[in-house]
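Shared chain: chain A. Partners: chain B in the first complex, chain C in the second.
For the complex of A and B:
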């Protein structure tokens, strides 16, 4: 059992150096390496918000499915694709 | 317009700030002859208070945080503060003279703070010029080595050079130095009075003859603004972002609408949240109203208004009236307009002039 705040093993997590804010459901992310600014759409912003290291990818897919009225298959595909993109841009821990 | 520009535009319209500049201390290890700081002898915020202030700023939704001073690295608790800022997910800029940045400090900044950008004041291309302004022997070489250390670690550096009568003969060399150091460079043609209204720093400004040359083809390759931009006040609802896109704090916790206009809004230690005062403050409401009026009054009534980069804070310090055209703004606008008209004539004669129809970005973006 994990203590509140400690990352869950294997759970995806935002890169700790990312500066970000989520305003009216839209995330603006500033990555210091390369000084890039990323703006996410509504679903991407919600996934980013959930990347606190406390939830597995499967749990995140479940939340997205619920909140955005989509099928589990589509949600799983989109979340996986999004996490791959974040990984490629070194935005995950 | 990309997604980020759309956010900036939306925040601008709704006066939702996305940046804050926090002067952590007025202590400084330089003695720059035109420094605008005016310490009052009050007790500066301690570590706990600064962290409390950072939390309020983060809760308010501000993303970009500039840690400034004085010299922010002079604070013994700088890294504690910066790490708290990092923990609060700010995009951190540090505005410094770099004197304290050696290899070890550069490594600490990289590993513990992860700054988005370091802004470093450069006053000349040679030690004697830079140090004539900083009045600290060795400060030039320290700065150059600091920038190299930061750039080796892939930390973005923006060199900031106010153009003065001491360095105006070296602007081309300063540009070359910035390129050699793989750093961005911003020249500022405006020297401002001290925050208490003392006009003495203005004596350091470059002379009129140089300003005329600055806006000519002679320095086109040195300037960031290759072609003077016109204002387009159909799109610009306010003259600048004061009290709108950002705000500033001094080392005592006083909140101002921007770093230049020192009209105190409140003290961050005395308010439960920034959200409470941002919409309700009569000071901020007035400042926004003045900033919105200026393009339609002061600038419209000036023959060079459409080329004027106007700062209400500087106007207030120099003339006592934030809406009054001040000499520096008018002079620079005159030369910008002259150059623009010359380029327009050349374009009409068939020469291709890139960027001739671009207009001002909003101040602070």
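For the complex of A and C:
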């Protein structure tokens, strides 16, 4: 059992130094070095919002399937690809 | 082949000081540097009042004072409030700090290094190195004899950096923008160099110009207002007023063949604002800036203004 707020092992989590705000479903993100400002689309923003370290990647895929018109296979592939991009940009903890 | 260079008959040799630290490379000042330099340029003091942020500089020469008073007009005075930040002006005692680099065969436009240690900001460029402690409200500025008019350039460039951070701490943004007052309300036009900020001011005859390079947005009574700062780009006239005006519009400039406005979603509008903030984004203040930019776009959405080189764009702006 995990206390609320503590990260779950293996659960992807936003980088704690990332600043972000979600405007009408779209996230604007700044990293501490300020060199890039990222604006995500609606699905990317929802995934970003779910990256609180509490949910596994599989759980996030499930939520995306519930909320958006997509299949589990496509959602799993897109979420994995998105997380890889975030990781490459050092945006995950 | 080595050897000494000979002076030809008739060569004029200028006598003078040969600095121990020749400018063979860049000089990156650390804390020990600022302890070492202490010679003021003179005995004059000048107070700067910048949209409620007060700084008192000590150590200008009389010549420096005259030049800066002429440049900054109503933004400077001989006195400051008791709680003004104090900055000591000193001789750099080195020939310069950064050296201009080439980028793709052309000299870089400008370069600045800045770092934080607690509440102390250190910044330096070609002709100046300085620090300011926002908690202790004191600092130091060393001016090096680089190029023409290094005092004016050094003071202005240091002030730009310190003000950008000071305004951010007060909940405002120093935006790389042109500001024009129409109907007693401020319209801000922003974008990178070359996007048309100075052009907009030149196309706005009979309007009050807040500036063509940097304009402050600050919170006031639950809304936002814009006011001038004494930093300008190519527009030669000093700011016409130090009053603040309610913020009426934010326009990201795009040069085009037609005049039209295109709304931006708030996520993109906030990102565009952040992309036009000098100094603060690259020094770890992005999250704070995003918080402020978010509140600004909540109150005043950003639009993309496509415009020709004509005053017709004003027809689009109510």
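Here is the rule we use: the second predicted complex is superposed on the first by the 92 of 93 C-alpha atoms of A that agree within 3 Å, B and C clash if a C-alpha of one lies under 4 Å from a C-alpha of the other, contacts with A are read in each partner's own complex, and residues count from 1 in each chain.
Following the convention adopted for this analysis, contacts are C-beta pairs under 8 Å (C-beta built on N, C-alpha and C of every residue); 3 or more make two chains touch, one makes a residue touch a chain.
All values reported here derive from a predicted model rather than from experimental measurement.
Engineer: Looking at the superposed three-chain arrangement on chain A, would you call chain B and chain C a clash or a fit?
Structural biologist: With chain A aligned, chain B runs into chain C, so clash.
Engineer: For A:56, decide between first (touching chain B), second (touching chain C), both and neither.
Structural biologist: It touches nothing on chain B or chain C.
Engineer: Looking at the overlay, does A:27 come into contact with chain B only (first), chain C only (second), both, or neither?
Structural biologist: A:27: touches chain C, not chain B.
Engineer: In the superposed arrangement, which partner chain does A:84 touch: chain B (first), chain C (second), both, or neither?
Structural biologist: neither
Engineer: Check the contacts made with chain A and report whether chain B or chain C touches more of its residues.
Structural biologist: Larger number of chain A residues touched: C.
Engineer: After superposing on chain A, check 38-46, 182-190 or 344-352 and name the one in chain B that bumps into chain C.
Structural biologist: 182-190
Engineer: Let me check the overlay on chain A: which residues of chain A are in contact with chain B and also with chain C?
Structural biologist: 17-21, 23, 26, 28, 30, 32-35, 37, 39
Engineer: Within their complex, state which residues of chain A touch chain C.
Structural biologist: 17-24, 26-28, 30-35, 37-40, 45
Engineer: What residues of chain A sit close enough to touch chain B in their complex?
Structural biologist: For chain A paired with chain B, touching residues are 16-21, 23, 26, 28, 30, 32-35, 37, 39.
Engineer: Which part of chain C faces chain A closely enough to touch in the complex?
Structural biologist: 265-268, 270-271, 274-275, 280-291, 294, 297
Engineer: Using the touch definition from the top, list the residues of chain B that touch chain A in their complex.
Structural biologist: Residue positions touching the partner: 2-4, 7, 16, 18, 61-64, 86, 89-92, 114-117, 154-156.
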